[in-house]
Structures are given as structure tokens and as C-alpha cells.
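Each of the next two complexes has chain A plus one more chain, namely chain B in the first and chain C in the second.
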Partner chain A sequence: MNKARHNPLNMVAMHGALILYTLIALFPVFVILINSFKSRRAIFREPLALPNADSFSMIGYETVMKQGDFFLYFQNSMIVTVASLSFILLFGAMAAYALSEYQFKGNLIMGLYLALGIMIPIRIGTVAILEMMVATGLVNSLWALILVYTAQGLPLAVFILSEFMRQVSDDLKNAGRIDGLSEYTIFFRLVLPLVRPAMATVAVFNMIPIWNDLWFPLILAPAEETKTLTLGSQVFIGQFVTDWNAVLSALSMAILPVLVLYVIFSRQLIRGITSGAVK
Partner chain B sequence: MTALTLNNVNKSFGNVHVLKDITLEVEEGEFVVFVGPSGCGKSTLLRVIAGLEDASSGEINIGGQQVNLVPPSKRGIAMVFQSYALYPHLSVRGNMTLALKQEKQPKSEIEGRVAKASRMLNLEPYLDRYPSELSGGQRQRVAIGRAIVREPKLFLFDEPLSNLDAALRMNTRIEIANLHRALDASMIYVTHDQTEAMTLADKIVVLRDGRVEQIGSPMELYNNPANQFVAGFLGSPSMNFLPEALIQESGQNTIGIRPEDLFLSDDGPLAARVSHVEKLGGDTNVIAKVQDHDVTARLFGQHAIAEGQELRFGYASEKAYRFNEAGQRLA
Partner chain C sequence: MNRPRFRWHILVFLAPAVLVYTAVMIFPLFNTLRLALYTEIDQSRVFVGLQNFQTLFFDPIWSEQFWNALGNNFWFFLIHMLVQNPIGIALAALLSHPRLRFAALYRSAIFIPTILSFVIVGFAWKLILSPIWGIAPSMLDAVGLKSLFAPWLGKEEYALTTLALVSVWQFVGIPMMLIYAALLTIPEEILEAGEIDGITGTAAFWKIKLPLILPSIGIISILTFVGNFNAFDLIYASQGALAGPDFSTDILGTFMYRTFFGFQLQLGDPHMGSAIAGAMFAIILVGVCIYLFGIQTRMRRYQL
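The block that comes next holds the complex of A and B.
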């Protein structure tokens, strides 16, 4: 089995394929980044050229900084994403644990009901959600977004996490019970660390759609003080004129935090592998 | 005082009836082994005693106190699992001290107990390692150490040696026997390895299909099995069973003869054709066919017997066991 890995030809082919894929995936990001540092004329004349002394310009970033309260948008996006992710992970993991660990009446039905949400896009309910938010007075608050995103992320989180939690050794949980740990301690101290890779997966899957979403910020929280980054960047895209410098600069800055969060989670993904837990 | 009393304990999962009317006693300081074939309910019984599963009916007393409704951590027991079940994020020391910290024992007490247990199990060099940095045998010792520091009234072991290789298994078996002597605690030990059962037990409980077949000391069960199942389960190689009709013209009963009770004899009643010979040096195991029944004979010393050879076996009639059609022992 290991032979294939040690064969130099296979190694080259494998790395070649991976490098090629990385290049293809990073190319659009690269184009956005280089063009965000160029003048408008240079963007259109030579979109693939690197910025040089002639074409270099920070005009895009200047526009972004001047127009609107970019840092506020940024902060809003960050709050919404981090809060939604925390809620999805916390409630998703707790629900998954209950479903996988305890036998109670309606366990299966409850599991199916929660999983149903995976198949029904939440946007179908936009009108009802808007009515609810108006009724509760949450329109134009970040809470509106956080609640909606949490609801949107929970079904898949519960589904994935309960599958992983079923695989956590019963003996380990039982050892904890005999040692006098409470069910909460068993959940937080024994089970959660062991399903960390699954948690990271769920986090990554949920993070990017939330960060990039335009739909719900536009409908539920379009006020100036609750605008998210994606919504805020839309001011530069007009029906007739689009300020490409500004759009590209805004995008470049929007990529950064996602990248940082992703790096954090993906390290967890790799590190969380549990060796020597049992056996 | 008895360490553990079970009274008509039953356990069902849905409509699967796993434990049926289990009644038994474990005396203070006794080493009791549960044996039985796979799936007979040994682990389930242990989990019911530990309180990890609720009994469907019946009464469980530990140290004279009824514990049916007492949570596992308050039952005065400690359990060692087959899969070790060490906490992966805690060091060896952390694994051993967690329960004591939960009980809010004073620090000096905790340190004393850990020092004592790790000395007993030769774990001192590993106290600051994590479970993933230990070998299988070391992990097993940590699991045992985690049980010892709690100083329980009753130890529960669920096949603790089944993940170890043969040599380590023997060493650990001896270690557990020494531990029992040193701690003078009551222990319940589940295994389906009959060598472990015979060598460790003060008392063996033979289970089949969730029922107690027989309870007694190893030699009692060996010399005086109540039925064909117990007779066949204990002893290695296991007892030979032959229909009575093969030997005395007629009869519906089964005759049971232990392999070591068969001997070569030119006018013996069993004419056999050798199908396989195992030469172990000290012993020779002869597997032969008597008509179409396999018979194993364990002969002391070395014998020049070849496959295909025709032999006659004899046995002392007082060494033969008789069982009726239902498998019950006849006097």
C-alpha cells in the first residue's frame, strides 16, 4: 500500500496535480489582489499584468476608506459570522449529543425533523422571516442576521456532528460517569475535543456562505449601521457605472478575515485527529 | 458482609431479554470471574452492577446497601474497560486523579494514592506522559491504576487483557492476581478466556444466554459440572462427548470424558483412527475419530503416534460423566 506513495513518479504526479489545482483555485484571488493596486486604465488595458511604477495606484483603497463606514461594515460582518458560528457549533453539538447518546421517545423523529432542514433552503421562508422580524422588532439589528444564520446552519451541523458523536467510544463516556463527571463535563471535556475535526468542518462549511451572503443583510438589516461588508461593497456597483478599483479593493480586504478564520479552523482539522484515545 | 448481592436481576433492551433472573453473591475480598461465550451478557451484567445500565427488575446490593437508584460514581466501584478508555487529553497523572478531584479529596491524599498506585504498577516513569505516548500494556496498567486510586469496595474488570499479546497477557494476569492479594478488595472479572478464569478465580460464574449455569470454585466446576455446557466450557482441550450407544449397545444419554482421562489400552472400549497429533513436548494431544465422532486424548509425555494409525482408548468408568438428553448431569 505504501509502495505507491514512495514511487517518485507517483509523488511527482500527485504533487503536480495538487499544485495545478492550487494554482487554478488561487488564480481569481490573485487577479483581484493585483488589480486592486492598479489604476482604472491599467485594469482594463492589461488585467493580468502585475502593478508597476506606472500603473500602481491606491485609488481603490482610498475610495473605500472614504465612502461609507467601511470599518463598521467589517465589524458587523465579523460579529455576525463569529456569533452565528458559535451558536451553530454550540447548539448543533449539544443537539447532536442528545440525539446520539440518549435513547428517548421520538429520538428518531426528532433527528429526521432536524435533518429535514438540510433539504429545504431557508430563503423560501424569507417573507415569513421578515414578518417575524418586524413583529419582534429585530429588523435592522445584527440579531436578525445571527438568528437566521444559526437556524440555517443547524440542520447540517446536527446531522454531521451526531454521526461523529456516535463513533466516540461508549467506554470513554462510561469511564467518565464512573469517575463522577456530570453529563455536561463529559460533553464538554471528553466528547467535544474528540469531534473537533468535525466541528472544524462544520465551521468552514458555514463560515463562507454567511460571510458572503447578500440576501438576508439586504432584506433584514439594510440600515447604515448594520450593513455587512458584502452589502456595503455594493455601493460601488452601479447600474451604469461601476467603480472597479473600489470593488476590487473592498473584495481584497474582505478576503483577509475569511482566510484567517479558515487557517485557524483547518489547523484544528488536522490537529484534532485523536490517536490513543482508546485502545 | 457480602460485597455484592444480586437478586433476580433482569435486563431487557426493548424486547430482547438479555439477563434472566441473575442471583449471585460476592463475598468480601473474593475474586469472582464471569465466563461464558460471546454475547451471553457478561458485559451487560457488569454494566448493570456498575449502574451504567438500569436493571429492568431485581435488586442490586453493594456492601449491604441497595444501589438500584444510586449513580455509578456513588456506588463505591471502579471499572476497567476492555478498550482502556483513558482520557486522551489528560496525562497519566491526570487520568488517575480526575475522579479524586471530582470527589474533592484533599491534595495530599490524592498525591499519596497516586504515588502508591504508580509504585504498585511501575507507572512512576510515565506519570507525565499522555495516553497516546504509551504502549498497550502501559495503557492497561494506567487503566488499572485509575481504578486503584479510588480505593473502591468493588473492582469491575471487563476483559481487561483481551487487547494484549500472549506474553504480556500472562504477566498482567499475574500482576492482577498479586494486586488482588495486596489490596484485599473484592473483584469481578469478565473474560471468555478460561485459563484466566481458572487461574484467577476464587469463584467462577458460568453464564449462558443471560442465565447463570453454575457457580462454584474452579475445581468444583471442573470436577463436578452441573451440566454438559459447563463441562464442555471449562477445560482445555475441552471434554469429549460421545453418545452412550457407541459404548454400551443402547442408551440415549451422553458420556463425557476429559481428554486427560483417556489412555492407550489394547483392549479399551474405544476403537479410534488417529486424524491429527499435536506434540507439545510435555504432552501429546491425539485427535482421533471414533466412528464419526472426534475424540481428543491428552497423553502425558511423548508418544510416537502417527496420523492414520488405529488405536484403542480406555478410561476409568468413575472418571466418565453422564448427561441426559437435556444436557443435565446424571449421578
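The block that comes next holds the complex of A and C.
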């Protein structure tokens, strides 16, 4: 096609720059993962070498399994993330539908009110949130986290979903009304299935910050039985600072679930971001 | 007189979201601002007006910490603006090249640090930069720069900058993705028109693409600002609540955490903590307003 813009030397330079940055991005993860499978001596003697028959060791993982309750932490993180995402999607879609479908007094004001939370971080209100959770007895329960993350995720969810719901055809909904369907049936049976891609975008946007959050688990649910994986690994690593095998293994165990999720959802995530949902 | 009957379903659809959002986000936000006006004397809550803020800004014990944290926070933000966003834009410009192969692979790989938790990132870099393990010094040695090595996280003059760069490393994926998305929406005809006028390559980037993606650059700037001014996790994970060495990496988030939650010998003080939260709220609000009214409305937008 147009040759003026494409010059082979430039292409090489571009690949060079991108490969260099990719190496910078992946190097720390790589170093942690390979060293977690080595014996203590090998970790220090040759930190950049791959584990071989001589240096291979699972001692770090054994320590981690014995000392920390990583399965419980993992389970807590799963419960909190899945529950928060379900509430964000359900409540967010319902509110988005009300705002985009019906004309009523206060529609605009309600939309602006819900949009306030997009720019203002919920962490500012932490002192009063903690007080409220203590007063209601929810402190050190997973419910505290689920409620906070739901509230935190709703503003952006309502904003994105109502943009998409405006595109659902009126004829379809009116046809449903003529057939005598209730407003609830129209929403759950006709509209929700059509905005599924937008719901997936909202879900992946919210998933990573919820899974990785350290602030609220640390403040609202630091008890042993409610620790999330992020907080659990933080505390665990803090205790075992001098046991390098255990630290590296704990780090790897914290990295792996996120990496797996990323491999599964990366296409969705990247499509969500690049579809310009954040405009 | 035929008033339409009340449409209950609208209320049912709105109620759950509005209730949760109001109860867990908006109400605590204002309650925190209200708590900032009280203090505790003999285990009872007493209204003291703006006294907490006066203490925070002018009492030498508090104000020194506050201005230190605020100054550090601005430095943290400045490094993100000067390093993270230009690198993100440059990577996006490279990735959006129409004939680049493996673009999806690079994109996914460069985004990986962004999905990792601060705990992982903080500890991983702490280990790599540690003089005990010696990965960083031996790598510098390999390129003949060993003399440059210092225990960066342990030195007051370098620690904050080092952590800011670690945070840049982690989050460069976000500006990259947003700018990449913006670059993809530029129609081919515009670039071809430029080509006919002899504007190609880098010139095309500076003269055609950059003006067109300015609104996206505005968005990533305000996202960076809000994110940096409530940052906490990375500093806490790698340096602890004391934000050492000697508070040199203390930012508003860690300062607020220490103040209201307490640490080691200091007891938690929710009222002073609320005052710091109030200050953070004001800073973020000013930043968002400057963006919304000062920058966004004046930015020239081109219809594509």
C-alpha cells in the first residue's frame, strides 16, 4: 500500500523498543517465579538461573502450606469478589435501566448524584465507614467488604450500563408491553440479555481492584478468618521476611490466581478498555 | 384530573443501588467530614469547629508531618505525570502502528504488572533492589555501572522516587490502553490527507495524532491525580505504616492510616484522621474542578 509510512528500519526499532519494555514489565514476575522453586543456596548463588535438578526445591511452598491458611484466604477473596460483582451488576443494571428508560422527575439529578462517586474515592470516608461497621457489628465479616466494594463499584457501573441501555431498541420493549409483559419481565428477559457484553466489561473493570485491595481488608476485616488473599500474603510475608524460600513461594502463590484470571479474561478486559468505556 | 398512577417499578429499580451507595459511600463521606469538626475529651465527643484543621496545618508536631506528606504526594504525582504518562503514550503510539505484528502480545504482556496487587509489586521490587540478594547490583555490574548502585529503598533521598518509579512500572498499562484506544479511533483518511501534504512518521504523530488525543491525555491526567492522592497500598506494603526511612515516603494515605488507626505506640485518633481525610477530599475536589471547568471545557475537540 502506501510505502511512505513504512520503512523496515523503523519497524526493527519499534520492535526493539517494545521488546525492551516487555522485558522490563515481565522481569520481576519472572525472577520471583523461578526463584520460588529453588533451594535457599541457589537463590543467592545464581538468582537469574532457571531451577535445575540440582537447585530445585519446594521447601518454600511446604512452609507456606504449613504456616499460612492460604486456601481460606483464597476462598475469602473469591467470596468477596464474586458477591460484590454480582451486586454491582444486578443493582447497577437495575438503576441504569430506571435512569435510561423512564422519564420521571429527578431523573437528571439522580444520574448526577450517582455519578459523583466516579471521581471521589470511597477511601476518604473510611473513618465513618469503620465506625458504622463497628456499630452494626459487621466489622471483621466479609459483608463489610462486600458492601463497601458494591458501593464503590456502583457509580461507574450505572454510568457505563445506562449508556448501553439507551441503545436497546424501543420497539422491542414496546412489543413486550403490548404482549402484556410487566416492566420487570421486560428488564430481566429482554433488556439484560442484550447488554451482556457491557456487563462483562463492568465486571472485569471491577474485579482487579476488588481482588487486589489492601486498604479495606486491613481496616474492616483483619481477623484471621476473614483475611483476603492480598492481606493474608501481606501479613504472611511480613512475618517471614528472613525466610526467602517462603516469601518467594507466597508471592508466587499470590501471583498465580491473578495471572490465570488475566489469561482467561484479558481479551474481555482489553476490549472493554479500548471500546472507550471510560470517556 | 387524570393523574398518572405512581410508577412503583421505577422506585424498585432504583432503590437497591441508591440505598447501598448512599448508606456506604455518600453518608460516610459527609459523616467523616463532620467528624473532623469534633474531638474526644474524657471519652465524650465534643464539637470544636475547625480546631482540628488548625492543629493539622499550624501545630508544629502535626503540620510538619502533614506538609511532608503533602509535598511527597505532589512529588509522587509529578513523577507519574512526567514518566508514566509519556511512556504510556509512546508505547500506545508504537502499538497502534497499522502494520506492527504481535501487537496484541506486547499489549497483554505490558499490561500484566497492572493486574498484580501492590503487595506483590512492593515485595517483588523490594527483593530485587535489596543489596542482600544482589540482583540489581549484579545487573548493573554487567553493564559496568555498579558504582551507581545504592540501597535505593533504604536511603531517604531516593526512597520516594524509587517507589514512585515502581508505581509507574505497575500502572503504565492504563495510560497505554486508554491512549491506544483513542489512537485507534483516528480515521485513516485524516492520516492519508496528511501524507499527501508530506506529513509522515513522527511528524504525523506530533502534528496530527497528538492534538486529536489531547482529551484522552486530560482524562489520564485526572485519573492519575485522583489515584495518586489516595494511594496507600504500595507504600504500606513495601515500607510499612511508618513510611520509612524517617517518613521520607510518607504520603497522605499512609499519614491518614497512621493517624486514625494508630500504630505501635500512637493511639488512633479518628477525629484527626477525619481532618486529614477532609484535606484529601478538598485537594481531590480542587483537582477534579480544575480539570472539569478549567481544562476539559477549554480543550479543543475535533469531530472525527
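In this text, the second predicted complex is superposed on the first by the 193 of 279 C-alpha atoms of A that agree within 3 Å, B and C clash if a C-alpha of one lies under 4 Å from a C-alpha of the other, contacts with A are read in each partner's own complex, and residues count from 1 in each chain.
Assume a contact is a pair of C-beta atoms (placed from the backbone, for glycine too) under 8 Å apart; a residue touches a chain by one contact, two chains touch by 3 or more.
All values derive from a computational prediction rather than experimental measurement.
For chain A, the partner that touches more of its residues is C, with chain B and chain C as the two candidates. Legend: residue contacts after superposition of the two complexes on their common chain; A:D171 is shown touching chain B, with no touch to chain C. In the superposition on chain A, A:P51 makes contact with neither chain B nor chain C. Of the two partner chains placed by superposition, only chain C is touched by A:F87; chain B is not.
In the superposed model, A:L190 lies in contact with chain B only, and not with chain C. In the superposition on chain A, A:P257 makes contact with neither chain B nor chain C.
Of the two partner chains placed by the overlay, only chain B lies in contact with A:L181; chain C stays clear of it. In the superposition on chain A, chain A positions 274-276, 278-279 are in contact with chain B in one complex as well as with chain C in the other. Within the complex formed with chain B, the residues of chain A that make contact are 169, 171-172, 174-181, 189-190, 193-194, 274-279. Chain C makes touch with chain A in their complex at residues 7, 9-10, 12-14, 16-18, 20-21, 23-29, 31-32, 35, 87, 90-91, 94-95, 97, 99-100, 102, 106-121, 123-125, 127-128, 133-135, 138, 169, 172, 177-178, 180-182, 184-185, 191-192, 195, 200-201, 204, 219, 222-223, 226, 230, 232-233, 236-237, 253, 256-257, 260-261, 270, 273-274, 277, 280-281, 284-285, 288.
Within the complex formed with chain A, the residues of chain B that make contact are 47, 50, 52, 71-74, 77-79, 81-89, 98-99, 102-103, 130-134, 136, 139, 146, 150, 163. Within the complex, the chain A residues that touch chain C are 2, 4-7, 10-11, 14-15, 17-18, 21-22, 24-26, 28-29, 31-32, 43-44, 47-48, 87, 90-92, 94-95, 97-99, 102, 104, 110, 113-114, 116-117, 119-132, 147-148, 150-152, 154-155, 158, 182-184, 187, 208, 211-215, 218-219, 230, 233-234, 237, 244, 247-248, 251, 254-255, 258-259, 261-262, 266, 269-270, 273-276, 278-279.
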